[in-house]
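Look at the two complexes coming up: chain A is in both, with chain B in one and chain C in the other.
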Partner chain A sequence: MIELVAKPPCEGLLPVTIGTVTLSEPDMAPLTLIAPMKGKEVALAKAMQTAHKLEWPEAGATSGANGAALVWFGRAQALLVGVAASTKLNAHAAVADQSDAWARVVLEGEDAREVLARLTPLDMRDRAFPVGATARSEVFHMQASITRMGADSWQIIGFRSMAATLVHDLTRAMESMAARSQR
Partner chain B sequence: MRIVCPLCGERDSREFSYKGAALALAYPSEEAGFEAWDDYLHNRDNPAGPTRELWYHGSGCTSWLVVTRNTTTHEILSVELAEDAPESRQEASA
Partner chain C sequence: MRIDGNGLINRAKPVSFQFDGTTYQGFEGDTLASALLANGVKLVARSFKYHRPRGILTAGSEEPNALVTVGHGGSQDPNVRATTQEIYDGMDARSQNRWPSLAHDVLAVNDLGAPFLGAGFYYKTFMWPKAFWEKLYEPIIRRAAGLGAISGEPITDKYERAYAHCDVLVVGSGPAGLMAALTAGEAGADVIIAEEDSLLGGRLLSEAGEIDGMPARDWANEVAIRLNAMSNVRVMARTSVTGAYDGGTYGALERVGHHCEMRDGLPKECFWRITAKRTVLAAGALERPVAFQNNDRPGIMMASAVRAYVNRWSVAPGKSVAVFGNNDSAHDTAADLLAAGVHVCALIDSRPDATTTLDVPFYAGAQVSGSEGRKELEAISISRASGTDKVQTDCLAMSGGWNPTLHLACHMSGRPDWDESIAAFVPKPGMVPGLIAAGACNGVFSTAACLGEGAGAAVVALEAIGLQADMPKMPVAEDRDYSISPLWAVAGKGRAWLDFQNDVTVKDVKQAAVENFRSVEHMKRYTTQGMATDQGKNYNVQALAVLADATGRGIPETGTTTYRPPFTPVAIAAMAAGAEDKGFAPERFTTSHRLAVKAGAPMIEAGLWYRPSYFPVKGETHWRQSCDREVGYVRNAVGIADVSTLGKIDIKGPDAAAFLDFLYTNMFSSLKVGRVRYGLMLREDGHVMDDGTTARMADDHFVMTTTTAAAGQVMQHMELVSQGMRRGMDVRFTSVTEHWAQFAVAGPKARELLNGLLDAPIDGESWPFMACGDMSIGGVNGRLFRISFSGEHAYEVAVPARYGESLFAELRSRAEALGGGLYGMEALNVLRIEKGFITHAEIDGRATAFDIGMQGMMSKKKDFYGKGAAARPGLLEDDREQLVGLKPTGVVKQLTAGAHLYRDGAEPVRVNDQGYLTSVAFSPTLGTYLGLGFLRGGRARHGETVKMVDHLRGIETTCEVCHPVFLDPNGEKARD
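Here is the complex of A and B:
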């Protein structure tokens, strides 16, 4: 039988450090889109708590436990990151393995927020976007999921088919930010 | 222009796209005749003033929204999820 080897979406492109900011790709992890069926929201939240010890996130929120994260991912959906989804969720939600569908990168460093602010129309200030918050918005011209992991650390999830574009747009902004702070 | 999405909060207009009059949500029944469907598909008022219209938060949460906008000032008067809008529960009047 042929042995298939998982290839990370940004292989050969990352990590990159420019100025104070590093863009890197975390190890590939299971990514599962979970969308509650109509009227099953409460039952799903309960099943999620039992199976993964994770709180179902409100719009713009995330929850985490035991190395897994549940990231609000748009209207009536969340992305389970880091663990394979329990089959116990299937009775209450549409559950789709999308591990191969997304490119997940981490932008971190002193000027990381300023780099992102060049690419997204989001309000990046602490009071609007605290640690643990998440948003669906644009990164340059592309739809993406943006989550604040720490004070200077952001997870960005974009379409895998556009991984090189995502890296290109982010590194361009990193370059212009670094050029500016050297003056 | 900024639109306050009920899920995402205040966002730049570049994240949204415009679809048309919100009465598109209230479609005729299958049995409704040609006249009713013709009216639903093709006839729109063009009011100067507050208008209810469909917007799509495509670069955000991917919700369909009903936005009440004043067409003479571009002021956004209210925003609601399309699934909560009264048009979604109505049948188009023939």
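Here is the complex of A and C:
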């Protein structure tokens, strides 16, 4: 029997450390886009709580439990990260496997926020974008999902096909920040 | 000449630099201007039009004269202001607009021709013959008049763009800016203080006064230290705020790498977009010159600049300095010079009632009316009622008063107020929402008043954003009245400069008025006053005062020209930073990209995607050889192509079928589960938007395929329909384009190949033509669609993208074992043309379903998007251009896309146009060129011979009109 070999989106490109910042690709995890059907928002939230112990997130927010996260992903949708979606959600939502659709990278380190400030117009001050906050915005000239995972740690999700450009743009900003802080 | 004193230079750190090939020494803390003056260099530039010798006029970013070129090759920067350029070891600066040298400039002859070169001379002089303007006159004038030049080599410097956000943005760091930042910072607001200088302090760094009993600059330094220590305050030095835009957004240019040797990766400049809830404009004021005859000689400087060079850089700009002004700052200058031990040969005050206690020759009620010297100032003429005196001097400090730096406040089209008491324009509150002007830029000039306004503005800003704020304890500082008597231009003959950078004189402005360019905007454009890189910061107000006088109006009625961003020049490289090379646009790669490149395939762009054109094999020298071979794979064995770039949209919900019925012209609710149907989508205007296949995976689950080009557009269109037109429908959809790697497996041996791979083999019964469903390969779940874009027995097989490369490699080797192989976009195009399948070459936005022969797909049983518009008169006429096939019949057997069609025998001119070709290909299967195109009434003209003319390529032939499907018209092969 033939055996197909899996290849992560950023294979051969990451990890990269420049200055104080590291860009890496976590192991591929299940990603499922979940969009409640009409009038099923409450039922879905309940099913989500039962199946995955996760709160349905407000716009711009995330919720997390047991290594899984539910990331607000735009109007009336959220991305379930890290755990395969329970089939019990299907009764209340359109559920689509997106595990291979996105390149998911983590940018972390002292200057990580400043690196992102070179690429996204988001206000990322602590007050505006605390740990757990998320947004759909742009990273240079591609659209992406940006989530603050820790004080100096950010998850960036972009199109799989654009992984090379995502890495290129982030790396360029990292180089810039590293050269600046050499002073 | 360097003097003793405690300037803000580090005498322990000498810095060596070059200017025009000569090596000089300065100190850390010097600008190029202060270092040149310290070395006695006064001639630093030639003027724009007359090539007049020019020196340093100011000590700031407003400098019009002292522009130099720094660096070489791809790192060369022209028009760098010597007054803002900090020196560093090894810096190489050169003067501009001179040949062969600064001291001996051939084009200085222009100055002798000045009577003929006044305002608008080229509009009048170079009128005839008309054609000469563009070819001869303009190039010569442009070469003769000029600033610095770029090298023409590709840029080697890195630039950067960035965003910042804050509660309070403070623009400028003089007394007002420092107090504003301190007040806001201590109240806990996020503060950004932007200062174009390398140090905080503004004018305090250059003045001799005291604050709270200590030298003002020490006070500034203490505040700077406090600000730097606050985690909520971001100090941005070397950063000029260049523009005010909507929503509290400001543009700012940070000079990151101009003051040091370029390091690897270090950006030279960064263009910031700063978003602030409130902004305190504390940009200070700029001193304006006085227009008098030959007021542009090297050695004539602004009085405030002379004080700056003496106090901040311990440089005496002259040995024997004269001071001239219409306000008290002239007196300060004389006092500071005396205190520094510099000889003051005259203090001239135009105010008759002025007095002084200084021990200098004092001329009250007098004016400087002229100057002598060529490459440096030698003497000035002082005119009084009693007569004219000539005084020897090598430096004149002049002050015509102060203009508030209100530019940013005017960037959103607000017009400032004229304040008679200070003879200057001041900002009106609210000109830029959220911006509060404070200090000198608001028309208050004493240090104490500036400190107070800065703190007050911060309190107002803080309250507006809901932060508790109290007025801080105010430091003690001088609080003198500003006493000025307006003096714009000294009467007299000869040229008196207003705009130093563009060589515009009082005479030019008066000439404009004489020629009836009375509006200040017309005067500006006619004379070019204020249109140089300095935007006339020093002297715009003077110029309009002269215009007001010449037209017999007041200054308020004359008004100002429009203040526009940027406040200081911004390199295009900074605004476009990161967009070069790979940063130009995102690159989208399929999962097979690496293998395609490895196979030697030339990649072509399809939108942002990269797709292989063809896969050359050894011995092939022309793409057609590869393409023909690949077509043969599909027609005779089996071919493999990556089709992942096509848009894939997952549609779910109880109303999914009804939703599709509305989107597509044809019916989808009748489609059985496990089957695929071709669909056509119209725009609102009834023309075709896109086509593709949609598969029904379950009752409430469809997977739509769009063309590569229209994937985003279709998704947008669906959002519009769902959110706007069919709000009640319970349907959800999302793009899954990126999730699936999808490959076409096409050809008579397609099923044979697949059955070697699939965990559960298929046959004609389980997977008939247009069947779809789940499948698995090596335990990996995927989808299989029996659809064909080649007309052959074909499938598209989809697996999660992580397995794409692996499956592609497997498909390839298995195809090759069966006598087939990979095929690229060229072969794909030939295959679909042979079958008469359309692409966006045909549905180019102007075609209707009727035009492409698909009028039958517009369902009569239901409503669909664009239905009404598609039925409009004129869209269903028999003489419309309709899709046809074309085959060459003439001597020339070539068809070209874009060529036009004419009746055989008709002259090939516009009025006889009958249609055009959209797609052509050489068909190795049929051994002839084939074309698709649109022909007037074409469906009824099959069999007719028409003429094809390609006017651009010069190709002409005749062709036979035929059905657009050239091969297997009944579609038997696909159903095989």
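General remarks:
Simple rule for what comes next: the second predicted complex is superposed on the first by the 183 of 183 C-alpha atoms of A that agree within 3 Å, B and C clash if a C-alpha of one lies under 4 Å from a C-alpha of the other, contacts with A are read in each partner's own complex, and residues count from 1 in each chain.
Please note the rule applied: a contact is a pair of C-beta atoms (placed from the backbone, for glycine too) under 8 Å apart; a residue touches a chain by one contact, two chains touch by 3 or more.
Remember, predicted model here, so these are calculated numbers, not experimental data.
By the touch criterion stated above, A:S137 is placed in contact with chain B alone, chain C being left untouched.
Within the superposed three-chain model, A:E110 lies out of touch with both chain B and chain C [touch as defined at top].
Legend: residue contacts after superposition of the two complexes on their common chain; A:A179 is shown touching chain C, with no touch to chain B.
Contacts of A:P121 after superposition on the shared chain: both chain B and chain C are touched. Of the two partner chains placed by superposition, only chain C is touched by A:H168; chain B is not.
In the superposed model, A:E3 makes contact with chain C only, not with chain B. When the two structures are aligned on the shared chain, A:G60 is found in touch with chain B, with no touch to chain C. With both complexes placed on chain A, chain A has more residues touched by C than by the other of chain B and chain C. The interface of chain A with chain B overlaps its interface with chain C at residues 121-123, 128.
Contacts from chain C toward chain A in the complex involve residues 158, 160-165, 190, 256, 263-267, 273, 275, 578-579, 582-583, 585-591, 608-609, 650, 652-654, 730, 732-741, 757, 759, 777-780, 799-807, 810.
Chain A meets chain C in the complex at residues 1-9, 28, 33, 35, 37-38, 77, 93-102, 117-118, 120-125, 127-128, 140-142, 159-166, 168-169, 172-173, 175-176, 178-180, 182.
Of all residues in chain B, those touching chain A in their complex are 7-12, 14-15, 58-63, 81. The residues of chain A lying in touch with chain B in their complex are 59-60, 74-75, 121-123, 128, 135-138, 143.
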